[in-house]
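Chain IDs A, B, C, D, E and F follow the sequence of writing; residue 1 opens each chain.
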Amino acid sequence: MTDHGYASGRLDLPFVGISTFGKRPYVADWDTLDADVAVLGAPFDGGTQWRAGARFGPRGVREASTLFSFGHAGAYDHEDDATYLPADVRIVDMGDADIVHTATEKSHDNIETGVRAALRAGALPVVIGGDHSINIPCIRAYDGPEYSGGAFHILQIDAHLDFVDERHGVRHGHGNPMRRAAEQSYVSGLTQVGIRNVSSTAREGYADARAMGSQIISVRQARRMGLEKLLDSVPAGVPVYITIDIDAFCPSIAPGTGTPSHGGFLYYEVLELLQGVAGRNSVIGLDLVEVAPDYDPTGSTSILAAQLLLNTIGFIFHARGQSPTLVP
Amino acid sequence: MTDHGYASGRLDLPFVGISTFGKRPYVADWDTLDADVAVLGAPFDGGTQWRAGARFGPRGVREASTLFSFGHAGAYDHEDDATYLPADVRIVDMGDADIVHTATEKSHDNIETGVRAALRAGALPVVIGGDHSINIPCIRAYDGPEYSGGAFHILQIDAHLDFVDERHGVRHGHGNPMRRAAEQSYVSGLTQVGIRNVSSTAREGYADARAMGSQIISVRQARRMGLEKLLDSVPAGVPVYITIDIDAFCPSIAPGTGTPSHGGFLYYEVLELLQGVAGRNSVIGLDLVEVAPDYDPTGSTSILAAQLLLNTIGFIFHARGQSPTLVP
Amino acid sequence: MTDHGYASGRLDLPFVGISTFGKRPYVADWDTLDADVAVLGAPFDGGTQWRAGARFGPRGVREASTLFSFGHAGAYDHEDDATYLPADVRIVDMGDADIVHTATEKSHDNIETGVRAALRAGALPVVIGGDHSINIPCIRAYDGPEYSGGAFHILQIDAHLDFVDERHGVRHGHGNPMRRAAEQSYVSGLTQVGIRNVSSTAREGYADARAMGSQIISVRQARRMGLEKLLDSVPAGVPVYITIDIDAFCPSIAPGTGTPSHGGFLYYEVLELLQGVAGRNSVIGLDLVEVAPDYDPTGSTSILAAQLLLNTIGFIFHARGQSPTLVP
Amino acid sequence: MTDHGYASGRLDLPFVGISTFGKRPYVADWDTLDADVAVLGAPFDGGTQWRAGARFGPRGVREASTLFSFGHAGAYDHEDDATYLPADVRIVDMGDADIVHTATEKSHDNIETGVRAALRAGALPVVIGGDHSINIPCIRAYDGPEYSGGAFHILQIDAHLDFVDERHGVRHGHGNPMRRAAEQSYVSGLTQVGIRNVSSTAREGYADARAMGSQIISVRQARRMGLEKLLDSVPAGVPVYITIDIDAFCPSIAPGTGTPSHGGFLYYEVLELLQGVAGRNSVIGLDLVEVAPDYDPTGSTSILAAQLLLNTIGFIFHARGQSPTLVP
Amino acid sequence: MTDHGYASGRLDLPFVGISTFGKRPYVADWDTLDADVAVLGAPFDGGTQWRAGARFGPRGVREASTLFSFGHAGAYDHEDDATYLPADVRIVDMGDADIVHTATEKSHDNIETGVRAALRAGALPVVIGGDHSINIPCIRAYDGPEYSGGAFHILQIDAHLDFVDERHGVRHGHGNPMRRAAEQSYVSGLTQVGIRNVSSTAREGYADARAMGSQIISVRQARRMGLEKLLDSVPAGVPVYITIDIDAFCPSIAPGTGTPSHGGFLYYEVLELLQGVAGRNSVIGLDLVEVAPDYDPTGSTSILAAQLLLNTIGFIFHARGQSPTLVP
Amino acid sequence: MTDHGYASGRLDLPFVGISTFGKRPYVADWDTLDADVAVLGAPFDGGTQWRAGARFGPRGVREASTLFSFGHAGAYDHEDDATYLPADVRIVDMGDADIVHTATEKSHDNIETGVRAALRAGALPVVIGGDHSINIPCIRAYDGPEYSGGAFHILQIDAHLDFVDERHGVRHGHGNPMRRAAEQSYVSGLTQVGIRNVSSTAREGYADARAMGSQIISVRQARRMGLEKLLDSVPAGVPVYITIDIDAFCPSIAPGTGTPSHGGFLYYEVLELLQGVAGRNSVIGLDLVEVAPDYDPTGSTSILAAQLLLNTIGFIFHARGQSPTLVP
């Protein structure tokens, strides 16, 4: 089959082809993972308190990520005069964790298994939610032999504190993950950025968060601090796990989410925070949650999520000197 | 306050006023229910296997129901030359059962409590889902002293059989309710109408359903049978509980649902079936499920649900000679 | 009915329950109003000159307001370290004023009656439009014995001046309300903020407005002035009535309106203006108009309106020391 | 400018060009009308009782009508083996009647003026609503010297009877037009087809309609009658004015309307009725109302309206032997 | 990695996982194809004359196809009492043909290459468009050694005749494919079903089609004929290539397409035609075109396409006695 | 016809009337053009690499432009205290260039013919795309006797560099226009503003652009420069052609486009740049491209485009002292 036009390569326009993350290879057998970055979908939205729909987040973000595939090798950014994600940063798509409807714990366990598989392979886990409750199994996956990087800090970018301990017996909904994370011995602290307005966390939750080592920063506070001070809220020299709730952003660019909250961040504010952290700290994991494509009629939210993930992965490996090994 | 225009009554156009079901009174205290019909919302959609969103079904159907409120006393139908739902049919809106995210059983228990309250008050329970799993607590509510009508038949109007026993431990999702119902001693049989295409129930489920007393009728089979024969599939003289999954309908008029399935019923087919059953059997309860307003950009699905419910309640009480007591 | 889970209280998630404003009680009989805040819907949109649809504004804002109900007592804001809207701020929903299609004056009269009822009860009237013409009857309601606070200033937050006197006989459309207001003896002046671009008011209208005591401030002018100077444009010590046209905001967050206009305010700009005014002046009434939910596919506009109203009511009563009596 | 590709004619694809009706010439000066068919927009929707938006009906139908312009001369229909609308059927677009917001009567008067202008020119008036209240001025325009065809019958195709005399003073809303028409001495009778379900007309309205010479036929009755009998409900030898409310159709194909009603007509049912009437009776005027493009996300409703209008005009002039003079 | 829940298999709910067609394996290297069915995307829509968007058809249909994946082996249809698509029918997804924007011929050549690859592998080519022009390269691919089945008949299910020879030089747009097909020596005839209303083919095109061996059947004609006679329009004993333009269907269920046309087929009409043909003739190829997901807000059209394709493939291999070899 | 209400003029609300640009006259015969501004639609989108749909840009922008028509003479801007576009600025709508599907060059030629016609008439060409490839024929039209202004500079406002020379033979897609422009001898330089993120132009394209005289400025760079310095990037005293890709803007206000890119400009940033250039340089032509109304559910993008065009035309003629002659 050497005589046709494909022999000289595909143009591979963005709208062409199967929607894996960044059009990268799909690896169904997690025992054979061999990559620098392993992207896992976690399509669980049973933890939501307003609109559901984040179960289609992984598919939505995957398709949006193909918009940034023009068939070039790497992604040239003229502002930084850098080509991110050259061919030697090997990204694979693990597909999705298996989800069991009506069964929160089983679904979470399956997500945890996926993250452990990525860690075991030495790949950076990048998890696409799903609602924010899927951060719970993501963090749990770092408690065993698959991860050897030591205690880490969590940078949460979010509109909501998500620090409810328990209400009506609920401990694993999308209002609980940061509390669950803070309880882990290997989580050394939290920086919670973008927090604003009324949410499911009551006054007590804020007090608890601060008592458990959290620094809480609103959008306006972050703006007043400036990027440098904001970056200082993440301790130097400590590995960092980043969790991004898309509702941290202004609904003007991220309407496709369960619980939009006005007054959120604009694009560059978060992009520069992520670029800064990637340059200062070793990033050991990443999740991006609460993208609900069915509430995103223009595609803006999924495109935002895809832009952020591709850029952040680029920043991380650029900071590593493109060296593909994950040694936190 | 006697000198203003309101003294002579409101015009009360459909778009005006609080969206309770049919603009009927809201009764928050279920201990004080005194009505012929008690409408309960059951906004649980944790049992879905494709699109969620039925949690907004009760609100969507309530708002759509106001379209049929033009401030007249009763609803005149020129085809039947009858005025349905005269003032002496007392309908109240109970509001919604309390839902606990991530907790299927708790949510179901709360729905069951609501249905029991309606039955205790002697009112016809009319439950608006939520996904089809909410039929499980609805049926459970008939096992105690609140209901004294004896064994009853279930008429299910649906695209899917919903007869899965258990998969990966799931027994209370939206693929299971008819199996759970058939297991009850006080359910004497099922008529399952509209069933078509591939679904979550595999071949074994169909065999089990038939073995447990179910008659399964597809859309095309129903059309070939004609209305009279179709009505004969519901035993005479037996109380009937009706459960309507909106996906029984053709997606052309009911796109706003979790798992649309082509080839469904058109409007009059179901309307006449309901009118027929209401005329022949004593209807002891009713639920309508799987309306997901966020997938219903034109409002067609919610309007269909509202039309069906208002008409069916009208038919039931017309058949009772408008007598408002529920004595099955 | 003491043995079920409801005895210990509901979780009452945002998506659960009847959509009254903030899930507060609905009071249909306006003679029995006993509240600090009385919310009235004014679903009239016959005054529009581009897209209609504001008739569904009250319902849209009501439903969006339930997003901020997580079953907590009060709304904790960590930036202000304050809990707004504690239980002793009694808010009720009056439902909607009766609207008569094709009859502007009758509809306006019915709205006026509702505002008078709120004032008579000593409650703060909060009116949800409808198009901006509904401000006309709102202001008219302050001319009688129901209100005894003396002359007041109007703070209008809007893209358009709405100061047309008359065109083709039209004096009560949505381009006329500020002219009608300025004509009242008990209106001491206007601050018109956010005004920009081409609109239905021609050059003469601007001259007239200034001549009749109005200060006109564009978005860019407001930004150059800064918050303090902007607040100074509202005279100290004078009661203030606030009218918010949602198109004052940038279409990026408020697309769901009749006549969107680019270059509008962002969220905090208006929020801080409202917080400032609530802290400096006695607010005697409030309307928010031109939310058209059918042009708001993501819900962003209704959510914005609900956030603004809940916050502003909170600011007003926080400033009053939570004291619930309306004595301007 | 004779040397470019346009010299040999345009391909003129449907998506190219200004959206006049059928891409026909726009005649702004109604004193110079010289045509067989004059299309007038009547963008008034102040008479609606549920969703507004029909004000954009004329623009929506115009744009949809361009879909049927492939640059051919005439429209070949292989089923009839006929080419409709050959070049000698001269259609012009009059643009819209001037509408005055908040002023029903003024707006109606302006519509009436437009229809009179069409009649005066000897053209067949084809009016695109707007809500159904615009039929009132359309019918009024036939009372003077512009029309000399004598008493005529009205064929209404609609879901709703629209026969309310007066409620709360309203006599010119979209629930009143058929009553207003029946009151005219020159209207000899009505055939009302498609009427179904609950509407703004109460039982008394039906009795009045029958007493005033109306024959009321539901969708199911029409189907049982068959086309021939249905056609017989329109008296032979009498001029006919046709008024089509798009909600006569099933919401499956016409969701973009103010008050959708399930159980409506499918496409061929109405098409064949129109073709039959055009073949049997002299059609002296036509309006099509209640298309609300903003509730028509797929364009289906506007396309339906455009197909119907183009086909019906074709049928009318085909029946006239293509002779372009309007002599009823 | 043997100790986790995945060891016992996935539940694999429809919303979980990468969107290949039917969740079947993706084979990027077309030289290694080894399958019974090879699904190829042809995302070219440069041939459209109204709305574009069919370039996203392959992705839309792929995602919709996952709705029918509930993790069962095969698809049980209770009406036929048959399990279609058992494990031994090996379906693979080839991904998409490479598309070059602004270059129709190059894009078509790349599609042709893909179909040839499928044929060479002995697999049934199933091509998802893309606009109908992609049928041109599909048919061209049968002219060489990859296909040895001899002359074949084409069954086109479509609203439009697509038989334009040339206009303004265009010969490979979506109005031309059936003309191009009829010109091939190895195409023995055409049956064109569903043709109706005005389209890009003028009167001459119809005459040409008949002269070149085509039988043209409208929707109403097909209904009058009945299924058996309709099936007789496809010659017995001849291999058949099937091309389905989704606009053959009524816009009520297939609005998401470039040029919707009212009066189209309903679901069972086409399903039974396809089932009949699959049972009588050897089907040697299949394309389904003109699905434009961005005009399909409810997903109805993509779901219809997926249902049709999965069912038709099932019928074809059921008729072959599940025997997986393609020997026409 | 002097006795009706139209004699005294129309109110001419925005939603009334045929959608030509700004409700200005449509001139079909380009040989008779006599205007200061000639607006041409160029509905070609065959050059797109992600979403198509810009073919409906001209119609969408035209309709949106009617929102700014309130029947006043001129557009009063209170910030500038100026009335723009007084009656003596004569704007006409040329309709659309003829487009030939599948034929990029023919379509481009037809666009070029239209621009030449405008130039020949001494009118300012204002072209509404279509995708950005339509800039190619726009620029080509300045190479002949129709334009005598000498070499000019291009100001491009865009997210993407569009400087690809050739890929897979494509030289006239929407990623190529600036390269094609830079190749012209009469283009003296380019200022490319708003460029950001990954796009179809690889690193080499940036180097080439700079080598060919281009200054590339990102959004963040433009913000850091400030308006004055940004304006300085356009050489003084040189005629300027402006090309605006709507994706230069933040997707929050311009989601309705083919390839949205986060981090774009807000409204005033571009407005003030355009006002500045119009005041400093002679503007000889203008195109605005990539508005895709079908991805713009709220209308925000079309309204933005219409506001920009009307304002920019106003600025240009205000700077000319309203003098209507185009003498660059």
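Simple rule for what comes next: contacts are C-beta pairs under 8 Å (C-beta built on N, C-alpha and C of every residue); 3 or more make two chains touch, one makes a residue touch a chain.
Predicted model only: the values in this text are computed from it and were never measured.
Which chains are shared contacts of subunit E and subunit F?
Correct list: A, D.
On the document's contact criterion, could you list the chains that touch subunit C and likewise touch subunit F?
Where subunit C and subunit F share a partner, that partner set is A, D.
Would you mind checking which chain's C-alpha centre is most distant from the centre of subunit A?
Comparing chain centres, D lies farthest from subunit A.
Compare the contact pairs of E-F with those of each option in C-F, C-D or D-E, and report the one where over half match by residue number.
C-D
Would you kindly tell me how far, in whole Å, the mean C-alpha position of subunit E lies from that of subunit C?
Centre-to-centre distance between subunit C and subunit E: 55 Å.
Mind checking the centre-to-centre distance between subunit A and subunit E? Centres are C-alpha means, answer in whole Å.
38
So which stretches of subunit B touch two or more other chains?
Residues 11, 13, 15, 49, 51, 55-56, 100-101, 106, 168, 170, 250, 252-253, 295, 297.
How is the touch graph of the chains shaped: line, ring, star, complete or other?
other
Applying that definition of touch, give me each pair of chains that meets it.
Chain-chain contacts present: A-B, A-C, A-E, A-F, B-C, B-D, B-E, C-D, C-F, D-E, D-F, E-F.
Name, in rising order, each residue of subunit D that touches subunit F in their complex.
Answer in residue numbers: 1, 4-6, 10-13, 15-20, 26, 30-31, 41, 43, 55-56, 59, 62-63, 93, 95-101, 106, 109-110, 113, 117, 297.
Of all residues in subunit E, which touch subunit B in the complex?
Touching subunit B from subunit E are residues 11, 13-15, 67-68, 70-72, 75-79, 83, 250, 252-253, 267-268, 271, 297-300, 303-304, 307, 310.
Show which residues of subunit F lie in contact with subunit E when the two form their complex.
45-49, 51-53, 55-56, 100-104, 106, 133, 168-170, 172-174, 294-295
Which residues of subunit F touch subunit A once you look at their complex with the stated criterion?
Counting only subunit F, the residues touching subunit A are 49-51, 161, 167-168, 170, 195-200, 202-203, 206, 216, 218, 220-221, 250-253, 255-256, 259-263, 295-297.
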